[in-house]
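Input: one structure, supplied below.
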Amino acid sequence: MNIIVPVKLVPDLVEELTIDSSGKALDTSWLRLILNEFDDHAIEQAILLKERIGGQVTIVAPDVEGIDDVLYTTVAKGADRLIKLVGDFAGGFNNHALARVFSAVIKELQPDLLLTGVQAHNDLDGSVGPLLAEQLGMPYIGYVAGVTLTDGNVIARKEYPGGLIAEMEVTLPAVLGIQAAQQPPRYIAVSKVRQAMKTATIEEQTAAELDPTGGLTIGRMFQPEAGAQATMITGEVNEIAARLVSFFKELGIL
Amino acid sequence: MSYNVFKSIIVLIALLVAGGIFGQRVYRLLWVTLRRGQASGHFGHWGERIKGLIVFVGAQLRLFRFLIPGTAHFFIFWGFLLLSLTIFQAILEGLVAFANPHFVLPLIGRFGLLALLQDLFAVFVTIAVLYDLYLRLFVDPERYKGSHKSQGVMVLMFIFTIMLSLLVMNGIRINLGEDPIRIWRPVSTIVGRIFAGLDVGAQGVVEEIAYWIHLGVVLVFLTELPEGKHFHVVTSIPAVFLRNLEPRGRLPKAPEFDGQVGVSSVERFRWRQMLDFYTCTECGRCQEVCPAYSSGLSLSPKMLMIDLRNHLKKRGAALEPPSSDVVVKEKTLVGEVITDQVLWGCTTCYACDQECPLFIEHITPIVDMRRYLVNEGRMDAQLQDALANLGRYGNSFGQSERMRAKWTQPIQPQLKDVRKEAVEYLWFVGDYASYSATLTDVTQKTAEVFQKVGLDFGILYEGERNAGNDVRRVGEEGLFEMLVEKNTTALNKCTFKTIVTTDPHSYNTLKNEYPANDNSSRPVLHYAELLDNLIASGQLKFSKKLDYKVTYHDPCYLGRYNGVYDAPRRVIEATGCELAEMPRNRDRAFCCGAGGGRIWMEEGEVKERPSEARIREAVKLDGVKVFVVACPKDVTMYRDAVKTTSQEDRLVVKDLIELVHAAM
Amino acid sequence: MNQDIYVIVEHLRGQVADISYVMLAAARLLAQGTGGKVVAVILGHNAREQVVGLGADQVLYLDHPSLAEFTSDAYLKALAGLISENAPRVVLLGHTSVGMDVASGLSVRLSLPLVSQCRSVSTDNSLLKFISQICGGKIMAEGVLPVPTALMTMVPGGFKPEHGWSAQPPEVTPVTVPTMEGLRVTLKQYVEPEAGDVDISKEQILVSVGRGIQNQDNLELAQELADALGAVMCASRPVVDQGWLPTTRLVGKSGKSVKPKVYLALGISGAPEHVEGITGSDVIIAVNTDPAAPIFDVARYGVEMDMLDLLPVLTEQVRQATGG
C-alpha cells in the first residue's frame, strides 16, 4: 500500500506570539516552528498501518526552517521516502496554496491513501487535508481516530462530540484527516535520528508557484484583550479555601 | 591390596573427577562465556589495585558495615585461607598414602605457629558458621529474601563438617602420638580427648572415617563451588582487583552495535560486567539499602544480579554448538529475564554499589539495558514527554528556553551575562532551580547571597541547557551527547575560572562526564563547597547565629557519588545551627526517590514513597525543626512528603542557602 | 445577486447541534447588514421536524436517502449543487467534525473563498467583517468577507445559541436533490461511547481537572473534594488522553458540553476547545499557577496557585462546613 503523509510546520505555542509591524501577520523573528501535532499523529498512524499490512510511507513537506530534522525523525520511525518541496515559502503561504503545491507532486506519486492532520491551530482558510482531497478528486473523511483495512476498502473511525464514533467506509484512493493515531506518537531516541541523518536522503523537488486563491486577506491581526477578567482570590491557602467555601454557600451548593 | 594403596587410588580418582568437574565448569563459565562479552577497556593503576586487595579483601573492610555478619565472614575468609593448607595436606597424604601413610607437608607441616593459628581459626570458623546458620534459620533477615538460602545452609554445613572432621583427625593423631608439633594444637588436643577412651585400633578407624568425610566434603564442595553464589570464592579476588577506579559519577563508555548503544542480549555486556554477575554472593546488603526495593517496587539490585547470572549461564549454554538435540529455549534478556518495570525503578542513588563488599556495579547494567528500552521507545508516556521536551526546549518542563532566566527579573543589579562578559564564577543554575515555581525563591536567595558576598559571578541565561546527568541515566545517550555539545559550545565561548552549580546532578555530570572539565583547568564546585571556601577565607561572614536544631540530608549526587559530606556540615555549623545527624547519614543517606529520571516517570505501584520514609525518619529526631537539603529536587520531593505525611507543623524543609541567607 | 445568508444546519441522530443556533445568530447579524434572508439549510431524509426552533426566515430542505446520515461525499455533492445554483452572499458551516469535512471541498469545487475558526462577525457600512481566533485562541485575525459569495466555518463563543432560536417555525421549501450516484463514502455503523457512567452534562456541580493534576495518583485528591461537595469529576483532553478518566468525562469540543451551577476548573489552561464545552456554566471558578491562563477570562473567580496545594485544604474545610 502506497501511503503518503503531507505535513506542515506551525508556530510553537510555547513561545510568546507577537504581531509584526504591519499589524497583519505574526512576527517571525522569535517564532519557533514545530510539526503540526495532528500531522504527527498522521505519521504515527501511517507507520502503524505499514507495520500491520506492509507498504511504503512517503512524507511530503514544504521546505521551511527545521523541516530536515522533522523528516529524518520520520525515517527513524519507519518512513520510507522523504520529499521536500523547495519554493518561495519564506513570504508566508496559506493552506490553499500549500494544498495546490502538494497536489501537483502527489498526483504523480499515485498514492492509495493519504493521511494528514485534520487541522492545525493556524488554519485560517480551511485545512490542508480536505483542500488537497478535492484538488486530487479524492473523497475525504476528517476527525479520524482509527483506521482499519478490509478487502481493499478502508474503514475510518470518525469522532463526533460526546465520544460517539461513526465507522465510515471509503473507496481508495482517499484522504483521511487524522485527529488521533491508534497509539500516541512514539518517542524516537536521538541516536536513531542521528543515524537516520547519515543513511536517509531527502529528495528535493521544486514546488509549483504559490497560488493563494481561496484564502482571505487579513486586515488586522491582534492579541485578544483580557476581556471580563475573573475576580482573583488572594491570601494564604486557608483563607482562600474559606472564601471559596463561603461562595459555595452563597451559590447554594453547600 | 592394602588399605593405604586402596586409599591412594580412591583419592586420586576422586581428585581427578572432582577436579575435572570443577575445572570444566570454571572453564565454561569463565573462559567460554566471558569471551563472548565485550571488551572492557584498559585497567591500569596496579598500585592502587594492590592496595585495594589489602584493604577490601585482606581487611574485608566493607563487610564490617554490617558488623556481626561482617565479623563472621572475616573469620570464615581468613580461616579458609589458613586452613586451605590443611586441605592441601589432606589431599597429598591421601595420594602418597601407599608409600608414606604418615605424610606431613615439609616446612609448612611443621610450622608450629601456623598450626596454632589453624587450630584457633578452626574454632573461630565454627563459631562464625554456627552464627550464620542461626542468622539464616532463625533470624531470616529481610535482605535474604530471594537468595538461595538452602544453598547457603548446605555450604555452611559443609564448612562445619570440614572443621569438625579436621579437628577429630588432628585430635586422634595427637592421641596416637603421630603429631610432632602437638603442643601447637591445643584445640585439636581437647577434641582428641573425647576419643581417648577408645582403644588404638578404634581410634585409627575413627581417624580414617574423619579423613574420608573431610576429603569427601571438600571435594563435593569443590564441584559445587562454581554453581550459584559460591563461585564468588573463585571470582571475588579478581573482581575486587579489577574494580572500576573511574570517578563514581562517570558512566563508562559503552560499546556500540550498528551505531547504537544499549544491551539487548547478555553477550552485549562487557566481560567485566559478566564477572560481576558471577561474583554476587546474594548477601542482600544492596537490597537492604535500595530505596526502590523498600518502597515496594519490583527492583532489587541483588535479584538483578542473580537473574543476570542465571540467564548468562543458560544463554552461555545455548550459544555453544549443540552437542545433542537439546533445544534451549531462553527468554529475552530485556522484558522477560529483567522486566521493563524493574529497570525503570532505579533512582541511580549508588547505595547498592556503595554497600557491595565486592564492588559489584548494579547501576551500569541497568543503564545499559535502559538504553535499549529507549531505542525501542519502551517507556511510559510521562517520560516520553519529558525527553521530547528536553530535546526540543533543553528542559523537562516544556517551557521556552527564553523563560529560563525569568526568575532573575526582580533582582537588582541585573545578574551578569557570562556570554557577554568575563567572570570569575560561572553559575550553572540547572533546570529545576530555573523553571520550577517552588524553587524560584531559593534560587533568588542564592543570587542575593552571592551578590552580598561580593562574588564575581554570572549566568548563561538562555544559553544554558539541562546538563544531562539524568538524561544519561535514563538511557537517552544520544540526547545526552546533544546536550553536552550544546552546553560545551556555550561554555567554551565564555571566560571564567570556576563553575559553581546549585544542583548536585548538574554538578556530577559537569565535573565527571563533560570532556573538557578535568578539574585542573576548569574546576566545578557545588555551592556548598563554594560557601565553605568563602567562610574559611572570611569572605562570607554571618551577622547572626541561627539557633534552631536542624538535620541534614546528604544528596546522593553530592555525597555518595562525589564525597562532599563535610563542606555542607561546616556551613550549617557556621550559621549557628545545631546539627543532629539523620540515623542514615553520609554514605548511608537514603535517596529521596527523584534521581535516575524517576521524577519524570509515572510513580508506579509504590507502597511507601522513599521521600515519605525519610521524613518519618527525620521527625523521630528530638527537637529538630528544620530538614536541610542541598539539592533542588530534594526541596521539591521533601516539601511534598512533609505535606503528604501531615508533618507541616513538625518539620520545615529548607535549602542550605536559606540558612545562609537568614544568617547573613 | 443573492444577499441571503445560508446556515448549514448540523444535526446528528435527531438532535440539532448547538453550533447551528450560534450560526443562526451570527447569520441574523449579517443579514441585517445585507438586507437578505437568514436561510437554514437542512440535508437529511425524513427530517422535517428538525426545523422546529430554528431562528431562520426560510428553510431549504434537501431530502434524499443518501443524506439520512452525514457523510462527507454526499453532503458535499448536495451542497455544491445548491450553492452554485443559488449563489448566496455567505455560507456558514460549523468548525466541527461535520462542517470541516465539507467546507474546504466546497471552496475548491466552487472556487469560493473560505475563512475558518470564525468566532464573530460584524457589519461595517456595506462591509461584512469576520474575526477568527487561531493559535489556541492567542491570536485574532480580522478581515472582510469578499463578494459575491464567501464560505465560513464557525466556532462557538461569539454568539449565544439562544439568539439563534425562535419559537416561530420558519417557512420550509423543499429542494430537489440531484442524483447521488458514485458516492465513495458510506456509513457502516455508529459506535456508542461506554455506557453505565455518569452523564456529566446533567450534573450541577463539576470538579474538573486538567494538566495541572500532573499524574494519575493525584486524581484521588480531586475525587475527595468532589465527594465532599457531592459533585462529579470530569476533565479536559490531556487527562482523558492519558486514560486517567474515561471519555465520558471529557468536557469540550470533542467531549460534552456541560451546564452546571458551579464548574471548578482545576489546573486547566482554558484552551478554546475546552472552553467551548463550559460556556453554559453559571459560575466558573478556576485554579491555575499561570495568571495569564485563558481560563481566567471566562471564570468568575480565580485563584493563582497550585491546585495540588489547595485541594487538601479546601476538601477539609468543605467537610467541616457540611459537618461530614
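General remarks:
Labels for the chains are A, B and C, by order of writing; each one numbers its residues from 1.
Note that a residue touches a chain if its C-beta (ideal position, glycine included) is under 8 Å from a C-beta of that chain, and two chains touch if they have at least 3 such contacts.
Keep in mind that what you see is a predicted model, and the values were worked out from it rather than measured.
For the pairs A-B and A-C, the count of C-beta pairs in contact is higher at A-C. When chain centres are defined as mean Cα coordinates, B lies farthest from subunit C.
Rounded to a whole number, the gap between the C-alpha centres of subunit B and subunit C is 59 angstrom.
Between the CA-based centres of subunit A and subunit B the separation comes to 48 Å, rounded to the whole angstrom. Averaged Cα coordinates give subunit A a centre that lies 21 Å from the centre of subunit C. Counting only residues that touch two or more partner chains, subunit A has 184. The set of subunit C residues touching two or more other chains comprises 309. Contact with two or more other chains is made by residues 381 of subunit B.
Contacts from subunit A toward subunit B in the complex involve residues 14-16, 30, 32, 34, 184, 186-195, 198.
On subunit B, the positions that touch subunit C within their shared complex are 381-382, 437, 602-603, 643.
Within the complex formed with subunit A, the residues of subunit C that make contact are 12, 17, 69-73, 96-97, 100-105, 107-109, 111-117, 129-130, 132-146, 150, 153, 184-194, 204-205, 229-230, 241, 247-248, 250, 253-257, 261-262, 282-283, 285-286, 291, 296-305, 309-310, 313-314, 316-318, 321-322. Touching subunit A in their complex are the following residues of subunit B: 259-261, 374-375, 377, 379, 381, 384, 387-388, 391-393, 398-400, 402, 476-479, 481-482. Those residues of subunit A that touch subunit C in the complex are listed here as 11, 13, 17, 19, 26, 95-96, 99, 118-119, 121-127, 129-131, 133-135, 139-143, 155, 157-171, 174, 177, 179-180, 184, 213-224, 226-234, 237-238, 240-242, 244-245, 247-249, 251-254.
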